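Lettered A, B, C, D, E and F in written order, each chain numbered from 1.
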Amino acid sequence: MGTVPLLTDEEASPEARAVLEAIRISRGTEPNNFWRALAHDPAQMRDLWETIGRVMAPGALDPLVKEMIYVAVSAANGCSYCVHSHTAAARAKGMTPAMHAELLAVVALACRTNALATALGVEIDDRFRA
Amino acid sequence: MGTVPLLTDEEASPEARAVLEAIRISRGTEPNNFWRALAHDPAQMRDLWETIGRVMAPGALDPLVKEMIYVAVSAANGCSYCVHSHTAAARAKGMTPAMHAELLAVVALACRTNALATALGVEIDDRFRA
Amino acid sequence: MGTVPLLTDEEASPEARAVLEAIRISRGTEPNNFWRALAHDPAQMRDLWETIGRVMAPGALDPLVKEMIYVAVSAANGCSYCVHSHTAAARAKGMTPAMHAELLAVVALACRTNALATALGVEIDDRFRA
Amino acid sequence: MGTVPLLTDEEASPEARAVLEAIRISRGTEPNNFWRALAHDPAQMRDLWETIGRVMAPGALDPLVKEMIYVAVSAANGCSYCVHSHTAAARAKGMTPAMHAELLAVVALACRTNALATALGVEIDDRFRA
Amino acid sequence: MGTVPLLTDEEASPEARAVLEAIRISRGTEPNNFWRALAHDPAQMRDLWETIGRVMAPGALDPLVKEMIYVAVSAANGCSYCVHSHTAAARAKGMTPAMHAELLAVVALACRTNALATALGVEIDDRFRA
Amino acid sequence: MGTVPLLTDEEASPEARAVLEAIRISRGTEPNNFWRALAHDPAQMRDLWETIGRVMAPGALDPLVKEMIYVAVSAANGCSYCVHSHTAAARAKGMTPAMHAELLAVVALACRTNALATALGVEIDDRFRA
């Protein structure tokens, strides 16, 4: 249970229902809880669905790579829901247990050195500036 | 200037100096500020250098993918030093401007939906649980 | 269940019980879990209750605006309890579904551009400095 | 200096230049550093400019309220650039020193209780669930 | 239920089982969920177990002090699991209710002033630089 | 330069000036930038000064321990100003280089395991609940 009720297709506005239907067709599964919560704001819901389609599509980066980056950011932000849903999505796109373990190892290493760099107050080296 | 002085090779302990030398040999450049700040704790410094070598090496994931995951976590954690140094490292490993732009697009998308999922208090769907 | 037991009125010290009673009178409802957990530290509990009364009172900003700022900070901090309790408080002060949707849209937009500004390492423009 | 060079109008692509020009016309000032850094990704740049126009426009919430929510999220996220640019924007929309002081008081209060709620591991009260 | 199944001793690899056994002997209790989730990556698991032994051992800082610092970082990071497990560990090492209350008071104070310093964009005083 | 100008004693209100004077007497040094930025809100400034005096005083925890906890929280929150000022304060209270190194080792370890626990979505063990 969250801060808003999850809307069924019947409760959603026609605009939100159209996005729920697009998700169903595109993914071949029922829309998950996130979308039913977001259905209270059809404009953001549709914009987000379109942005996800554009950003997560194959391009200079592979879709699975993008999904693992998503998991990494969600872990760093402490978003439990996002960690769960995007770990599942990464698995569906081919992430093996070995890849998952390496992903978490990089995330843990980055969080460790992030904390050290902040605590040491390290100045940015000239060579790292654009 | 940070919270500790950056140690020169002369000021560093023999153990720290050995790591500085290993970095110099491995990377072909002078060790950056992070390592000179960390030289105050030679045990952590050496352990970190060895962990980085192990975690960032080629494996189930490509080294460039790992470096971009590092940038993503650093951006989510708000660690400016880490963003600068690992963006430079990703470029050195072949990240093109198009790949950088897509990386940032995924990071921005994840931060956006992380905030929404938290603010909506969405329950984790059963299908996302292991 | 949390890291400390929730104290009943009977278990709380006289000082903590006085705050529980003040909350009951001021809000017309039973004190929520947060206060029963905090009752282990009566000094902080009373100080916090007084600070909330002062900070959240009408002033240059409207109380509902303050409550929505509270929700926004809690979402950015990833504090699930705080998001839930202050979303409920904002509703009790008049936040409509349309206002809630716009609030979340601003939070999501800010998280998105926060990540971009950090990842791009943008220098602060002179015009933004006081 | 950041992780990418700031693009001048001449260096930007036609699509990015069109957004720079739209900002110049809409705001009556030169585009700030954020936009010149983002110009390396014209698609995200244009999408962000349009989203900002839609999300920050008057609606159920006042534009100044939205701008202060933006500042609050940026402070919670530790994004220095965003705090500076949106504090300036809030001032331009009428935020007085008294309003700024109250805004920061709410942010500081929320961060304080966010940390307490997390450290106490408080369970969400049934009454706070939708 | 998390993003990976918790491994029993039978399901764990010999290397992971050796760490589970080391934990059992060292702590005199069954390994907790964290270790059974981490058992999917035996290399990280063993490295982490050794690092914890080294970092959390008595040294210039008392082990209880270190455990309370661990709780403080976990609260700031919003890691619910870590707050719970390290609060329990701190209690086992002698943290009294009064010490716990003071710990949380410092954490709450730090989060409050962290937000203010960021929102005010305060320049670092020369005297604070190394 | 921050989001507000730093107030001199002459520019500060009488109430703020009284706090500046109290800091000068109590610490034997000029008030640092944080207080001159906060002087725009004399009520919060005085409340914060009193809270710091109460929370950071000797009690169940040693003042130096409290100061190191403050540094740890500030590193986790990514607040550069706070890391600098409280590292200096911890040094003034007797933190040795060895203690500083151990403090950072605990902070780095906690950030590493925080990220792992979140990414693994580990359920809280019954034994850790109050």
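Some notes on this structure:
The rule is short, and it goes like this: contacts are C-beta pairs under 8 Å (C-beta built on N, C-alpha and C of every residue); 3 or more make two chains touch, one makes a residue touch a chain.
Which chain is which protein? Per UniProt: A, B, C, D, E, F = Alkylhydroperoxidase AhpD family core domain protein.
Predicted model only: the values in this text are computed from it and were never measured.
Taken together, chain A and chain F share the touching chains B, C, D, E. Averaging C-alpha coordinates per chain and comparing to chain C, the farthest chain turns out to be B. Seen from the C-alpha centroid of chain E, the farthest chain centroid is that of D. Between chain A and chain B the centroid-to-centroid distance comes to 20 Å (mean Cα coordinates, whole Å). Averaged C-alpha coordinates put the centre of chain A at 26 Å from the centre of chain E.
Within chain A, residues 1-4, 44, 51, 73, 75-80, 83-84, 87-88, 101, 103-105, 107-116, 118-121, 128-130 each touch two or more of the remaining chains. Taken as a contact graph, with one node per protein chain and an edge wherever two chains touch, the assembly is complete, since every chain touches every other chain. Partner chain E is touched in their complex by these residues of chain C: 2-4, 40-41, 44, 73, 77-79, 124, 129-130. For chain A in complex with chain F, the touching residues are 71, 75-76, 78, 80, 83-84, 87, 103-104, 107-116, 118-121.
The touching residues of chain E, counted against chain C in their complex, run 78, 83-84, 87-88, 97, 100-101, 104-105, 108, 115, 121. Considering their complex, residues 1-4, 29, 32-34, 37-38, 44, 48, 51-52, 55-56, 59-61, 65-66, 68-70, 72-77, 79-82, 84-88, 96, 98-99, 101-103, 105-107, 109-114, 116-125, 127-129 of chain B touch chain A. By the touch criterion stated above, chain E contacts chain B in their complex at residues 1-5, 43, 47, 51, 54, 128-130.
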